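Residue numbering begins at 1 within each chain, and the chains themselves are lettered A, B, C and D in the order written.
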Amino acid sequence: MSFERIKPHFPWITLVVLILIVGIANPSFFDPAGLLTLVSDVVPLFIMALGMTFAIYIGGIDLSVQQLANLVTVIATVYLAEFGIAVAVIAIVAGFAIGVISGFVTTRLYVPSFVSTLAMGFVALSAAKFLSGQRALYMDAELRDASFGWMFGNTAGIPHELAIAVVLLVVAWFLQTRTTFGRALKAVGSGELAAIASGLNVDRVKILAFAISGVFAAIAGLLFSVKLSGGDANLANGFLLLAIVAVLVGGTPLTGGVGGVVNTAIGTLIVMVIRSAMVYLEIDATQQQMVFGIVLIAAIALTIDRSKLRGVVK
Amino acid sequence: MSFIKKFIEQEKISRRNLLLASAYGISGAAAMRMFGPSPVQAATYADPTIAWSYRNRTNPYWNEIVSGGEAFVESLGKPKDSLTHLINEGSSEKSLADVKALLAKTNGELALAIDTNDAPNCRPVVEACAGAGAYVSTLWNKTDDLHPWDFGDNYVSHMTWSDEKPAEQTARILLEAIGGKGGVVHLGGIASNNPAIERLQGLKNALKDYPDVELLDAQPADWDTQKANQIMSSFITRYGDEITGVHCANDTIGYGVLEALRAEGMSVPIVTYDGNPQAVELVAKGDILATVFTNPHWGGGVTAALAYHAATGAFKPSEEPNEHREFYGPTIMITPEDAVEFKAAYLDNVPTYDWKDFWGPSNGQILYK
Amino acid sequence: MTDITAQSAPGARFLTRERIIKWTPLLVLVFLVLLFPFFEWLEDFGAGKEHMYLADSRFFSIRNAARIFIAATPALMVAIGVTFIIIMGSIDLSMEGTVSVCAVIFAFAFIGWGGTLASWAWLAIPVALLVGAALGFINGLVHVRLKIPSFMASLAMGFVGTGLALLLTGGDRIRVEDELFRSLLTVRWFNFPIMVYVAAVMLLIAWFIQSRTTLGRNFYAVGGGEELAHASGLNVNRVRIMGFTLAGVFFAVGALLAVGRIGIAETATGNNFMFVSITSVVVGGTALWGGIGGVWNTLVGVLIVNVINNGMVVIGLPNFLQDGVLGILVILAVVLSTDRKSVSFVK
Amino acid sequence: MYELRQVDKHFPGVHALKAVDFKVNRHEIVGLVGENGAGKSTLMKVIYGAYQPDGGDVLIDGTVVRFQNPRMAMDHGIGMVFQEQSLILNLTVMENIFLGYEQQFVKLGVIDWKAMSEAARRQLAKVKLDIDPAMTTSDLSFAQRQLVELAKVLTLEERIDGDLVILLDEPTSVLAQEEVELLFSLVRDLTKRASFIFVSHRMEEVLELSDRIYVMKDGAVVDVVAHDGADKDAIQHKMVGRDVDKEYYREQKQKPYDEDKVLVRFDGVSSGNRYTDISFALHPGEVLCLVGTEGSGREAILRTIFGLETPTKGQVTIKGETISRFTAQNGVKLGVGYTPRERKIEGIVAGMNVYENMTLSQMGNYASAGVLKVNEEKSLARTWIERLGIKTPDVYKDCGGLSGGNQQKVVLAKWRSAGADIMLLDHPTRGLDIGAKEDVYEMIREMCAAGVGVVLVADTLEEAIGLSHTIIVLKDGAFQKRFDGKPGSKPSLYDLVHHMI
């Protein structure tokens, strides 16, 4: 098999190699139950990265996801008592709305998504601070279990969280590969001008991409909120850069049109392995961040398929 | 020859069955432990892994905490670096994920001391530890509905500091120093953090007795020196000479405030919190009127010690009274008069603590409002 | 012959429009500077106090200008550094790590070599600049040689930088108490502390690099059309690496000023610079897709962001609203200063 | 003087150059022709140093040289004037001219703008262009830019002591007839100093200008013809390896159109200052050709019909419906198809495969409730691949990897399969080789026969005359003259040029 043919497979090869390295250094890493927990813990991050994939796939970025998830943790906690399971609807609507506004500002007002989504994130943060009264809130355990207990059970050893992630991945994959919307996304990501000249409503496609990103961020926030049984305006901090990293390491470059949601699944797992490697390999506390950065550079260098980065590398 | 072939076939099959069975055995047993109900009689461990999970290493407060943890580990005759560090970088998600990874790695043979970064994160961390048979002691962040005694032995203890009273005391020092009139500003921590709320409340409580002092403004500076610096300079613009005193939620905020005042050539009394070595020096010099020492070194050590000794079975948490499971940490007020003395006693030579005296310096059971 | 030269240039007709758009960021800044005093006036008016608009404004005063400048200078240096990169059409997200490392190494060297500018410790300044250059250089190498898009390369390098700073300090903070060094903040000439003048000099140097040196002009060439520049014989990779190196130097200057401002070097010194600086650059009118803008735009952009931050506190806007208002104002500023006719699409 | 001996170049799966011998003498203009994919562009890239050959030698004055990059080639006096505009639009004219060679104007690290401006003025004088060197390049017209490109390459004159070799890659494609004449006279003047390699699809121009002509096919030089012995038919024969019908206009194949029905009607339509007060009607089966120089408003009219540009005045009616909202979606819905000039940018989506490209404008037809029926898409693609003879290994091939002609066929298939009955063709044969061009002409005729109305902006005037029923001549956005181009009454080239300029 030639080098060129292996290239597209680099992301998962990298993943397998990393798993093997960690596992060989510390065989307890291979404990299936432990691995299962590790994987199900990365689910909120994964869902967020999944949404981010859509924004990056069209060549944009969504920096509002973390603040949006913060907002949703607050919404979920504040309104759980009042609306029960319907807070999920409110959360998703909120995510959709903020995504639509980001998309609108980007496409119609020509503000680069880097700035528009960052700014919309600030707006979401303000809303979260306002709603939460700037306090950490927690959910009533009974109410939580009544409405969302199903999110965290186990069926036949499979954590429900993981099942949710798989369902969402399948939905996202279906959206990306099997629907007109997914095809339009690809066209916009690979050749926006050609998409316009083919009569696609490019603005609508882009706005929808940001909206989907927002919806997934909201789901991630909801899941996280239920998991932690509470919410505040900083609860989801730390998600943003990792979500971006997960998408990029999976092999969806910022140039758009390449990669996709399955790549993001692999990318998230890579991030998870690198992160837990810190624990398993007992990396010194003060060295962890540097090691993370260096491994990240190596992983990205390995996983991006440069032949598909058309034109210049910027 | 066919019987030989048959024999080999049979051998293959039984070997495969054996492998399958053992594989199931491992995962099945582990799964039982991970997801089954928490054991009634908690298992104890001869040599559990000791770990500290905290926010970051860039804040001197957490360095003090860690030094306590390391001192405790050394007191067991182990090397310093046998303490496992989990750093969450201010992310609850990472905090929880790291704990789970460590639980998986150690198979639950773990004594964990942790600040869960955000109160809501405490429940899943504790539940995960209890589920895995590990022992956990928490510091600072915990929601009010969560209690160690609801988890048998595995949730060993929770320690926090009642910041309201000490913050009120520093506020009184400040208010006295400005002669009971004028205006003060407060620069707080991350608004939703419990200590930030309590420390502001302390100031408000004190102000009730000083009707001539106005609380001009209170803004969160997120425990960040640079942010505090910028907010303070904006305060100076808005209130100018009306500001006669500054109440800061911690020392790092205080540094930023001091520099903002210095840039203006202003000198306004300020009080801070935490009692970091540098702040204590500034108190000794008179730049800061007062700070509150919460003895993070002891807090970091004893939190790890509680988890460890519970894990080894040296004491049984469920047999301890509630005030031994949820308690306040010690606070020591530092003012210019005693700063030098304090520095000599606590900072220049770190006292050697008896890490088995879990509750000696503590400050009573936690009260909920 | 005449036919070709006499053809009216298609762009010439829009010159006035373009000129207006070019100056919009400055207009936005002026508007904001006049807006916040208005709220002050409104507040005093509501309370029935005497208040002359502007004349009685606390916001609109020299002393507050100095405060805004003090807050803005480190961010300005960082933003200038990243401006060069953005002009090239790339992006640099490594500033937080680089600033932290430079600050920490500077502080260690400064303390170690005497602790005052009046000794050999002044050498810590060039050392810090060299460290910045080296980090930028490595960043550029990773980006160019490993062919990793700059967004990813610099993001990862940022992690490495922060990690390195943490490794060096072990989490401690280092105080730089030298009065001479701190005179950056404490000594004022004509109402403004020395650090403002240092920043002004660096701004002029940046402007000089941008407009009068080959390297500066090459940034625009790369941003305007990298493949074309390459085909014209320009060593684009070299320009890129030098760009990142130059950016690293400016990050280092930013680190020095940040240490000068609060007298503390720590791993957290670099925090929050990333989004603030890039937002400032964009708000100032430098396009993220490259080729347009420059350091003066960045100055205006940084001032806009800092004026908003300062003004919101000064007019007493509730804290929980501040983030959202900043976000909306940033969007408005960018919307106003974007030439929608010259952009075909934005991502 | 400049020589390639037995040069070989391989790419994965392709033997792009096969033992090519190539020679340029002093003061000579060498033509280079060949179909797309014959290896011309690879050969050029080897010459100016963008590619390094795998085998054979590059010699200058008998010495073997090896160029690692274009810069090294330039230092040996080899310069390239690019087909695609290679000026950087946000830079000034003088910066573009001296890009990469600013060092000569740098004193103590400072660029001396005055000196550079003066030097640039001297370069511009060489191409007889009188503009301010400090102008921003984006403000220039296309023709001006082309001349600036030439001026830029001519800086080699001062820089290099020895001889110069200048490659001209399709330099005339954006020029009007008169501008071409000007360029040619310049080139002839400059042979005193430099040799030229002239690459063009316009056979007449190559024949007119070149002293010798290299003919390439399948990566090899198949013939070298001297100017005097050159015969267009013979060369074309060698290029394609088959007979090309020399009867250019093929009037006999043109069918009359249906004059009773109107597909598109323009009534006094203006769009800003791109075009003003344009009126015409397009009928089923008609080829309406818009003729004019670059910037005469031809493309803007096409884009208005498609919906990409909103007119400022006048009324546009498509199939009886007066258009109020100009969007491409609306255009597509009304059955308008658009084949843009920038095929690689606007025509196909590189990175998407053949069937994805073909259904891009009509996904609704291949989906139910938003879910794509991929199998139907593939079978559609297979049908059209066969029908148009698109050369692709399968329907999964990335369109970015197809040759220009096949890309164009994919674009046409996209619109035809969607049932578009108003086709807007902007330079549909641009950059195509003769064989592919013929295919496109054939498709246009087929479409007309099927009742499609075509608005064409042709690559050459001959093409316009040959294909069209109606010709509208534009100049500076204003209507000049309407010609009826029915078989037997075609206007002459002169008629058109006369009104264009």
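A few points about this structure:
Heads up, the rule we're going with is that contacts are C-beta pairs under 8 Å (C-beta built on N, C-alpha and C of every residue); 3 or more make two chains touch, one makes a residue touch a chain.
Bear in mind the structure is a predicted one, so any value in this text is a computation, not a measurement.
More C-beta pairs touch across one of A-C and A-D than the other; that pair is A-C. Computed centre separation for the pair chain A/chain C is 30 angstrom, with centres defined by C-alpha atoms.
Averaged Cα coordinates give chain B a centre that lies 69 Å from the centre of chain D. Each chain gets one centre point, the mean of its Cα atoms, and the points for chain A and chain D are 43 Å apart. Between chain B and chain C the centroid-to-centroid distance comes to 36 Å (mean Cα coordinates, whole Å). Residue positions 129, 134, 193, 196, 286, 288-289 of chain A each touch two or more of the other chains.
Shown for chain C are the residues that touch two or more other chains, namely 166, 170-171, 319-320.
Pairs of chains meeting the touch criterion are A-B, A-C, A-D, B-C, C-D.
On chain A, the positions that touch chain D within their shared complex are 4, 178-181, 183-184, 186-187, 189-191, 193-201, 257-258, 308, 310. Contact residues of chain A toward chain C in the complex are 58-60, 63, 105-107, 109-116, 118-123, 125-127, 129-130, 134, 192-193, 196, 202, 206, 241, 244-245, 248, 253-256, 286-294, 296-297, 300-301, 304, 306, 309, 311-314. Residue ranges on chain B touching chain C, taken from their complex, read 56-60, 62-63, 66, 191, 217, 219-220, 224-227, 229-231, 233-238, 240, 255-256, 259, 262-265, 278. Interface residues of chain C facing chain D in the complex, by the touch rule stated above, are 1, 3-5, 7, 9-13, 208, 212-214, 217-218, 220-221, 223-225, 228-235, 291-292. Within the complex formed with chain B, the residues of chain C that make contact are 58-59, 61, 63-64, 67, 70-71, 166, 169-173, 175, 185-186, 193, 258, 261-264, 266-269, 271-272, 309-310, 313-316, 319-320.
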